[in-house]
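In what comes next, subunit A is part of two complexes: it sits with subunit B in the first one and with subunit C in the second one.
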Partner chain A sequence: MLKAAVWLFWKDLSLELRGRELLLPAGVFGLIIAMLYGFAFDGGQQVLRPMFPGLLWLGIFFSSFLAVGRAFGVEAEAGQQLLMAPIDRGAIFLSKLALNILLTLVLTAVLTPAFAMLLGAPLPQATWLFLWTLVLGVVGFAAAGSAMGALTAQTRLRELLLPALLLPFTSPLLLGAVSATAALYAKDPGSAGNWLWLMAVFDGIFILVPLLLFEYLTEV
Partner chain B sequence: MQLGDRRVLRGVSFALQPGRCLALFGANGAGKTSLLSVVALQRAPSDGSLRLFGAEAAVDDLALRRRLGYLGHEPGVFLGLTGYENLLLYARLYGLRDPKEQALAQLRRVGLAPFRHTLVRSYSAGMRQRLGLARTLMHGPDLLLLDEPHQSLDRRGQDLLDRLVSEHCSAGGAALVATHETERALGLATDVMVLSRGKVSYLAPISETPRATFERALGEALGGGGLC
Partner chain C sequence: MRYLRWLSLPLWVAGLYLALIWVPDERSLGVSYRIFYIHLGMAWTALLALTANFVLSLLVLMRRRGKEETDRFAQATAEVGILMTTATLASGMLWGKVAWGAFWTWDPRLTTTAIMWFLYIGYLLLRQALDDEARRRVYSAVYALIVFVDVPIVYLSVRWWRSIHPVVFTDTGINITPQMFIAVIVFFFATLVLALDLVYLRAFQDRVQQELQRRRARRLGRLGY
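Right after this comes the complex of A and B.
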């Protein structure tokens, strides 16, 4: 399965590097959100600091949604043909998951400094824990997005169903990510740890369950 | 076989032996594509059973999938990859030996070798269909399932398709070809089936089929056997 996943990831990455259909719109959207927040809330003010974790994660989730949500849609009927190949369909999920993690990581790497700069919030002192929070948030959102993307790929109301499923399902992850980030800004790494555990459990569930059930998800 | 509320196939029963090529005719909406998708293991029949290569078929059977070659209405290739990259990907997914050489050989076979490093997005519809055919044949399937394969192909492309399908059947493979190209299919096939409103209205070897009988069956099916 891993070998097939590697070949499929190579295919997905080649398509994205040539077409830039996922990363470019999502990146531009995220930067526009950051700028609008900066204008709307008058960036340098101290009052904005407590809101920074929430604004940052909403920006990351909404812009990543544009990329992650469309990852299954860009190949349409050619992707259907893949379902006929003699491979474990979990390989298709793994390749999409890897692509979505990569895209969301790149987006986060661009958006986090942009948000910090435009909203006047320097990065917290516990830099490693903050990076760990970002990674757990990114992996969880990419995993849930890959699963929901597969589930809704063949449905007529895909554009409506995907956000209706993905955003509520990822609300525990959002809560964990915002709370962990807020705790790190409040110089309270101890309470951030609990939220990081919650995020790690969320990530594990949304990687393992779709991997085991992907055969059925693609037949819905 | 049911799609939503609509029953698209009813009591369809047939057997296809190695070396035989069955041409499948019928009006739009008669159930040709649905029948092919069931045999291709894309969807399970809502009732009845499907036996492939002597065993009960299950949609998740990887060994069975390996023995099938399916070319649907669309060629099933990635537009953002080159022709060579598309075939290389499938050669690897099917676990073929020497995938690079296999991909090149198939491109030569369908006349696309000079365009192997061109993105499929720049291919014409006929070239994409040729690439789809190469993808379908590359792993040496035992059963070919072709849904209106002549579409988009020019005359030389259609000749190539017919030759490749004939070679496949002569080598002991079987083929099920849904088509509207009556003359070509009759020249290619060993058996004919006509579907009308999801039912088999005619099924016989071509050698035992008087032309007039076939044309009457086809005329009746096309006259009222599909969508209004």
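Right after this comes the complex of A and C.
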């Protein structure tokens, strides 16, 4: 199963490297969000600083959401030929999950410094904890996005339905990520620990549960 | 099951009598707290309906036979669950305006209920967007399972975030008088019986609708369409 997953991942990655159909629009969208924040909340003022964790994570979620929704859409448009391959169906989900995680990590790596610069907020001092926060938040979003992407790929109105399903679903993750990031700015960065655990639990559950259920989706 | 309806009516009359006339006013909240009986009954019924939706969705995936009928009830329980959640939110907001001075506060229960409401609206949206019946059954069942797992995590996260909602059941016992407890229980059964009746009615309606569509298709086929 792993071998097939790696090959499928490689297929999607080379597609993305050739066309850059996901990262480029999603990244540009993220930067546009940062700029719009500046306009909407008067970026010259200091008021944006305390809001920075929330603004950053909304930016990351909204732009990632553009990228993760497409992963299964590509296969749906290709007429589901992938299902004819003699491989474990779980491999398909794993490869899409890996692709989504990679894409969202790259997006986050670009957007986080960009948001900090444009909104005039310093990044937290606790670098390692901050990196963990980013990774846990992004992996969870990619996992939930893969699950919901798989569910909506076959529907009419795919692009319209996905945010309505995905964004309420990831609300605990958003709360965790924003609270953890905000805690890193406080005197005691260790208070972010609980939130990091919460995000880790979310990540674990929503990698495992959709992986177990994915088989059912491919049978109909 | 058709007799449920006749059980529901006297239960509602009894529940309304107990809640609005029989129990005394509350010391600090006065008359406004009486909405709480309706509120709590609906909230419990909503949770039960959505739990039933989870169990039925599990059955849709696991059992080989009777998928169509199980799915019908899964849809019905989700719809009734949403209806009850909406009523819970609405009654809670009215009470909140009187007791807290605001329609909405970001208390864990309110926030969790609102998110849950959106998640199950998503269930109906997903169903609506899937045309193929077999696919709709399985996809919505998978969605229902994933969402049901999410709800406790939502609650935990929002609870860590903040809290002001009154708690009726605590570790030390029940926070209300025996008289109030009786009214709560009667009202709970009234809403529960109503919800059951609605679920059966909805499933029946869906069955009829499908049968009509089938006959219509057959007839059109005979006419040469």
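Everything below uses one rule, namely that the second predicted complex is superposed on the first by the 207 of 220 C-alpha atoms of A that agree within 3 Å, B and C clash if a C-alpha of one lies under 4 Å from a C-alpha of the other, contacts with A are read in each partner's own complex, and residues count from 1 in each chain.
What we mean here is this: a contact is a pair of C-beta atoms (placed from the backbone, for glycine too) under 8 Å apart; a residue touches a chain by one contact, two chains touch by 3 or more.
All figures in this text were calculated on a predicted structure; none of them were measured in a lab.
**Student:** Mind checking subunit B and subunit C on superposed subunit A, clash or fit?
**Tutor:** fit
**Student:** Which partner does A:78 contact after superposing on A: first (subunit B), second (subunit C), both, neither?
**Tutor:** In the superposition, A:78 contacts subunit B only.
**Student:** Return first, second, both or neither, reflecting whether A:86 touches subunit B, subunit C, both chains, or no partner chain.
**Tutor:** In the superposition, A:86 contacts subunit B only.
**Student:** Taking the superposition on A as described, I'd like to know which of subunit B and subunit C A:161 touches: first, second, both or neither.
**Tutor:** second
**Student:** Does subunit A have more residues touched by subunit B or by subunit C?
**Tutor:** The partner with more contacted residues on subunit A is C.
**Student:** For A:151, select first, second, both or neither according to whether it touches subunit B, subunit C, the two together, or no partner.
**Tutor:** second
**Student:** Where does A:202 make contact in the superposed view: on subunit B (first), on subunit C (second), on both, or on neither?
**Tutor:** Second partner only, subunit C.
**Student:** Which value in Å is the smallest Cα separation between subunit B and subunit C when the structures are fitted on chain A?
**Tutor:** 5 Å.
**Student:** For subunit A, which residues belong to both interfaces, subunit B and subunit C?
**Tutor:** On subunit A, the residues that contact subunit B in one structure and subunit C in the other are 219.
**Student:** If you look only at subunit A, which of its residues touch subunit C in the complex?
**Tutor:** 147, 151-152, 154-157, 161, 164-165, 168-169, 171-172, 175-176, 179, 194-195, 198, 201-202, 205-206, 209-210, 213, 216-217, 219-220
**Student:** Using the touch definition from the top, list the residues of subunit C that touch subunit A in their complex.
**Tutor:** Spelled out, the residues of subunit C in touch with subunit A are 61, 115, 118-119, 121-122, 125-126, 129-132, 134-135, 137-139, 141-143, 145-147, 149-150, 153-154, 156-158, 160-161.
**Student:** Can you tell me which positions in subunit B touch subunit A when the two form their complex?
**Tutor:** 40-43, 59-60, 62-63, 65-66, 68, 70, 72, 74, 76-81, 85, 89-90, 92-95, 119, 135
**Student:** How about subunit A: which of its residues touch subunit B in the complex?
**Tutor:** Contacts found on subunit A: 3-4, 7-8, 10-11, 14-15, 18-19, 75, 77-78, 80-88, 215, 219.
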